[in-house]
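Have a look at this one.
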Amino acid sequence: MIRFDHQREERIRLPESVFCKDKSVEMLNETIAELVEGAATGVLFTRLDREKFVSLESELAAHLDYHELSGTAILGGARGKRVPGKVAVITAGTADLPVAWEAQRTLQYLGVTSTLVADVGVAGLWRIQERLAEINEHDVLIVVAGMDAALASVVGGLTSRPLIGVPTSTGYGVSTGGRTALESMLASCSPGVVVVNIDNGYGAACAAARILQGIQSE
Amino acid sequence: MIRFDHQREERIRLPESVFCKDKSVEMLNETIAELVEGAATGVLFTRLDREKFVSLESELAAHLDYHELSGTAILGGARGKRVPGKVAVITAGTADLPVAWEAQRTLQYLGVTSTLVADVGVAGLWRIQERLAEINEHDVLIVVAGMDAALASVVGGLTSRPLIGVPTSTGYGVSTGGRTALESMLASCSPGVVVVNIDNGYGAACAAARILQGIQSE
Amino acid sequence: MIRFDHQREERIRLPESVFCKDKSVEMLNETIAELVEGAATGVLFTRLDREKFVSLESELAAHLDYHELSGTAILGGARGKRVPGKVAVITAGTADLPVAWEAQRTLQYLGVTSTLVADVGVAGLWRIQERLAEINEHDVLIVVAGMDAALASVVGGLTSRPLIGVPTSTGYGVSTGGRTALESMLASCSPGVVVVNIDNGYGAACAAARILQGIQSE
Amino acid sequence: MIRFDHQREERIRLPESVFCKDKSVEMLNETIAELVEGAATGVLFTRLDREKFVSLESELAAHLDYHELSGTAILGGARGKRVPGKVAVITAGTADLPVAWEAQRTLQYLGVTSTLVADVGVAGLWRIQERLAEINEHDVLIVVAGMDAALASVVGGLTSRPLIGVPTSTGYGVSTGGRTALESMLASCSPGVVVVNIDNGYGAACAAARILQGIQSE
Amino acid sequence: MIRFDHQREERIRLPESVFCKDKSVEMLNETIAELVEGAATGVLFTRLDREKFVSLESELAAHLDYHELSGTAILGGARGKRVPGKVAVITAGTADLPVAWEAQRTLQYLGVTSTLVADVGVAGLWRIQERLAEINEHDVLIVVAGMDAALASVVGGLTSRPLIGVPTSTGYGVSTGGRTALESMLASCSPGVVVVNIDNGYGAACAAARILQGIQSE
Amino acid sequence: MIRFDHQREERIRLPESVFCKDKSVEMLNETIAELVEGAATGVLFTRLDREKFVSLESELAAHLDYHELSGTAILGGARGKRVPGKVAVITAGTADLPVAWEAQRTLQYLGVTSTLVADVGVAGLWRIQERLAEINEHDVLIVVAGMDAALASVVGGLTSRPLIGVPTSTGYGVSTGGRTALESMLASCSPGVVVVNIDNGYGAACAAARILQGIQSE
Amino acid sequence: MIRFDHQREERIRLPESVFCKDKSVEMLNETIAELVEGAATGVLFTRLDREKFVSLESELAAHLDYHELSGTAILGGARGKRVPGKVAVITAGTADLPVAWEAQRTLQYLGVTSTLVADVGVAGLWRIQERLAEINEHDVLIVVAGMDAALASVVGGLTSRPLIGVPTSTGYGVSTGGRTALESMLASCSPGVVVVNIDNGYGAACAAARILQGIQSE
Amino acid sequence: MIRFDHQREERIRLPESVFCKDKSVEMLNETIAELVEGAATGVLFTRLDREKFVSLESELAAHLDYHELSGTAILGGARGKRVPGKVAVITAGTADLPVAWEAQRTLQYLGVTSTLVADVGVAGLWRIQERLAEINEHDVLIVVAGMDAALASVVGGLTSRPLIGVPTSTGYGVSTGGRTALESMLASCSPGVVVVNIDNGYGAACAAARILQGIQSE
């Protein structure tokens, strides 16, 4: 029997979620069964790739609202309440999209509106500058970038908005695994850029919700 | 002649600052002279240790409001405007204080009110739990911790507030330089914890200001 | 012909075991055949995944008491003697269970009683606090945790029992491979926490046996 | 004002201690003054080198029982109670002695008897074998070794006692900082060896006390 | 067309060899075809796993004397000449055998006699001590060990023979990939131990040949 | 007696130079004496800090044209010939200047004209954009930047000129030693950016000379 | 819809390219479809392995000029214009060829002539010396080497040409992933060697084009 | 009282030595006093820098034959016996000399004849080729090199002699501490190159003695 942190929503205003990557299909089947039995609502599953999803017991899988591109699933529907404010999810390149989608899907589940601003890497600087006014209409920015992750520094120097960097594990050689992108964002020359773990679109979305829910509660 | 980013305040609502660690006394003297000549207001100097400060030309040093414990100095006075909201700066141990003070001093300079919640490391869990209500009265939390940095995860699981982790370079052996604390915070099991560079109290304060200034502008 | 350390039990009171991960199916077949021929008793096989187990010669595999979840097998039955005292195996999350099961299965084989205290990660602190009294009824604690591994520090600060930390290779990004969890445990702010290699449930169980067998021999 | 964890002794049976390396002389003066004022008893100071010790206010320093070789000081006397059992502190080479002394001094302060078995590195294997019987008369072994740290594996294969490895930062090249010794101990081919942070004689002593105090309470 | 270093034998008294791991089946087919066409004699292929070997064009593969356990193949027969002296190849555990076999097979191809001394890891010290006299009858020692690689230090402290350490990539956690074994051997407390790359049985054999051929030429 | 590579100029069109950091004052005195005796012309000394320079035998030091800011000295005058083309040395921040000066001083010594474009870091993007036309009038660009080194990517995306990145060891935390800047440049999202070792202004200048001398020789 | 940087050619004289490794087949299909629809000319695809290529929609794949050995494809034909000058692509061993071919294929697409000088690793020094005159007839040199990457230093000391090093991820043990080759090239004792990311044949070719196009524009 | 391994000479034919870097002046005084009292002969002290040497009690220091350039001292005279054969100690650059001298001084103390072949780095390849015949007159080669350490590979490809590589910690940036040189030597493309720890001239000399003493005993 799995011990869920059912009080989490009440305590930190973020519901329980299930990270699927390190869990076997058996563990996931058991988890879903318990949740369904307990009539749980609003549980987010992340890093659930297609191969694993199709291996689930079909009866249990039927309870999941699955979204393949982001590797996420929702059991029991999203939260009813809406969080005020808007988030822009900004990506450097096409390969960063799955992480961006994980962030957007998490935001949607948390009741937060978001916009995708894709393919605005700094190798073609005009792309980000062209959309700066649009970006500034959002309350929180999530910048998703791999390799040199220079986009976080450039955006951080162009806007006053809270900016959460998500380094991605794209690339090869020194980029492998996302270490360079992570450290580049942490060493950003633009002040006040904050960072989450590599490929952690989910965490960035939760951080954005913490910020926006704080505004709400004033 | 140094090229300052004088438009920074207007563009990103954070004024220009000077990181002193990698600059020679000669460079700093030149910088201060140019700023004084240009009648600059509100420039923050960080990582200015006593040894370097007392080596400055005394005439120039006289323009600085120096604070030794945090290694910061302000030239031309703090910003006039006040930013709404309050920040709690929470530390695990005594050795984390200089970084916490850098954060507090930066906040003060940015017009943000802050409270220090010191010595609440998780080895004695009652200390953080005892002060939880007080902590929750703040809008943004900055958690400063070295070694295992477990405090960030524990606080992140107890409150819904935006939480910025600052790993510190305290400790020895595997703790040396703060890598373990940094990675522990990035890998935090509490959702929505964001992180800045090791010992970067300044950056955490700027991130808090980005959040609070966003609230203000709603 | 393999040279077993048959005197090990006598010398260090821990029987010989076979680590299967780096051994080919051919090597394992040969090992089992020799052990069976020598009428060996009480040999533990670890890291024996299902794929490898089913590839063994079925005649030889029939001599193994296989346990898939923990990847362990016992040849020739467990030790007859019972070791006094009890061990609590405490896990942060569901993904840490295979390592916890390896520890429990090794303890069982060594004649040591153990209890599993699962899913008590610090993101929901009430879970570990709720079970503290139960935990304190055990003589040795094994804490299995990945990512930030903050659970080791928190438990270490709540109890006086010997505490052996087992970092796990769960997670992604900076958590990959378990380095962060390992170093976080080594840098624990709670005094007297000791650590074994990443995912080494077997080693933690042996260490617990060393402690409990010492008590026995007083 | 520093917030001590005064309940620590009661909670985990290990008294509060002060790690001095990352604290300024000013911080230490303030700490000692508060402890003296509060009539604290039995506080251990570690990593207090001579240079720092002689810089303390002499009035405050007079309250410390200082031991230069181990870099430790005790304020308010050691604990009255005696812990049953004996610990052997075993070192590979002369350069490991300061860490061994930190362990011994911490044990003494905790009320635990210890013996030093020095200079028994495996390059001259007869040295450790010659003293094996003597070593086996102890209840817990602390093995202090740098460079290849092979001593931990060799001792672990010769005795059934609980064995705590302390890697040291001696050596040069790949040994620099103690990483190789740490990882060599964690990867030990002898089962049940547990490890603490590099140079952490204090932590090893606390772990030994956790074990011996557990025996006592049976 | 591949450019072989046909003068190598003449220049450094070690014949050309082909490392197969990073080469595609197409590249290998082309290489063998050219060698066969040129009537090459005595070319050693290393890291040629079964999967790759069976994918070769069968006509070409027929020219190879393949040895699966060591992943080696010889084209055109071994060298005719015999090198005086004997090498002992000593292994810590069963998982080290493939690397030991690569060393033995390379020695055989170079005309050097060798003996395998297997399963003498230091966790059971009697095993290596029991065979010390036999080992000392050899002119050069190759010690193959993974994990903590303590065997190299122990053997180095027991004998005066030239000792070449080969760290292996066995194990898990901190042992992964063989870094710990490599650095432990480089940091060996026994004087005059030399080391080759991880898993490089071939290189150790070549080094032994350099030594023995030097003796020959006196 | 030191063996200079006097044919270097003829062979690779770059004269011999002396890297002073790892050489003792005694070694440098001996080197200069031999050069003076041999009537050497055009030898560049790099990484010669003031402390070392003033420790040289004054008679020998008198032969050096010393430049403190760049830590360089020239013995026997610069090369007579001029290399066609111009190099722009572009820096992100003030702390990058010593490395930029090393590059400029090496270029001057090699007969190459250069311009310094300082303080154009991407946190204030307008600074680099404002000077783009001026930069494009140069034949080769050297971009000197530490921390996130995002400047290399941004410049690489704005111009078609050959671009040599020099990462610097400025900053703290993850920036320490310049690894992050190095890897960020290597992972640059702008195509065709090449990189030299951390702080290697000298190497970047030599690379620029290789390019410009190639043009000359067409 | 993907946002291409169509102005890239005009701005930096290098056309847009598509790095395929981190992109799913779905993403690639969408990319090609958009390019075909937009009648794009001259788009280079890199790291497109056979498995991925054959998974593309055959209608879309038909628009690609695919080259398996280098993993590259060109859509819409190469650039019409020719760049003056010649590049020599020099490899140490057979395993470096795929990276060399990526460089050559990129050069071809950019309109640059290149020559392959293969299998001239320094273990047989005569091979590179034999071809030195031929190499010197080229304007830019690209040296592709893994393992110790000593070839870059040796070539750098023999010629005055601009030299771009491409470290490769060949080898095993410490060579794994190409870090050693990368750092060896960055630390080259030959002055003016510049380096690109591991296995980045594409980047080296772009850098060569930057150099040669600069010559053209004089 | 220090426990010397007095049987070492008899057992492994290498006398006891004292590594001074990690030992305090007090420890060294005590060591020398005990050795003098025990009338020890032939003890080598390594890494004894001038500052430490002059801090020794002068009465004790008088027993040492000190050699500053190599940081070595001999107490009680060198070994009487001579070992047959000759060693060439080959260095890439001037900064490698202290390590080369440590090797030579150790060889002298062990009774082995050696020749220094200095300043033959591969940037000027003619230097090593010019002295190849001379080098080949030696029985064992020690190659001392930092940075890219390409010299080991080049020499390894030119001669059949046993070759021991000693990486040095010279250089800066990626060379810092000697890791790159170490890994470059381990990954050498020349077969049969063996390696010792960074800056370990002493170990290389001991390895050479193991080889030459083996020849002697045939």
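Labels for the chains are A, B, C, D, E, F, G and H, by order of writing; each one numbers its residues from 1.
The rule is simple: a residue touches a chain if its C-beta (ideal position, glycine included) is under 8 Å from a C-beta of that chain, and two chains touch if they have at least 3 such contacts.
Every value quoted in this text rests on a predicted model; they were computed, and no experiment measured them.
Common neighbours of chain E and chain G, listed by label, are H. Note on chain placement: the centre of chain A and the centre of chain E lie 49 Å apart, centres being C-alpha means.
With each centre defined as the average position of its C-alpha atoms, the distance from chain A to chain B rounds to 26 Å.
We define each chain's centre as the mean of its Cα atoms; on that basis chain A and chain H are separated by 56 Å. For the pair chain D and chain H, the distance between mean C-alpha positions equals 35 Å.
Under the contact definition stated at the top, the residues of chain G that touch 2 or more other chains are 11, 123-124, 156-158, 171, 173-175, 182, 186-187, 190-191, 197. Chain pairs that touch one another are A-B, A-C, A-F, A-G, B-C, B-D, B-F, C-D, C-E, D-E, D-H, E-G, E-H, F-G, F-H, G-H. For chain F in complex with chain B, the residues that touch the partner chain are 94-95, 97, 118-120, 123-124, 126-127, 146, 170-176.
Against chain H, the residues of chain F that register as touching in their complex are 2-5, 7-8, 11, 19, 21-23, 27, 31, 47, 167, 169, 177-178, 182, 197-200. The touching residues of chain B, counted against chain A in their complex, run 11-14, 17, 139-140, 156-164, 182, 186-187, 190-197, 202-204, 206-207, 209-211, 213-215, 218.
Within the complex formed with chain D, the residues of chain E that make contact are 92-93, 121-125, 147-150, 152-154, 156-158, 171, 173-175, 179-181, 183-191.
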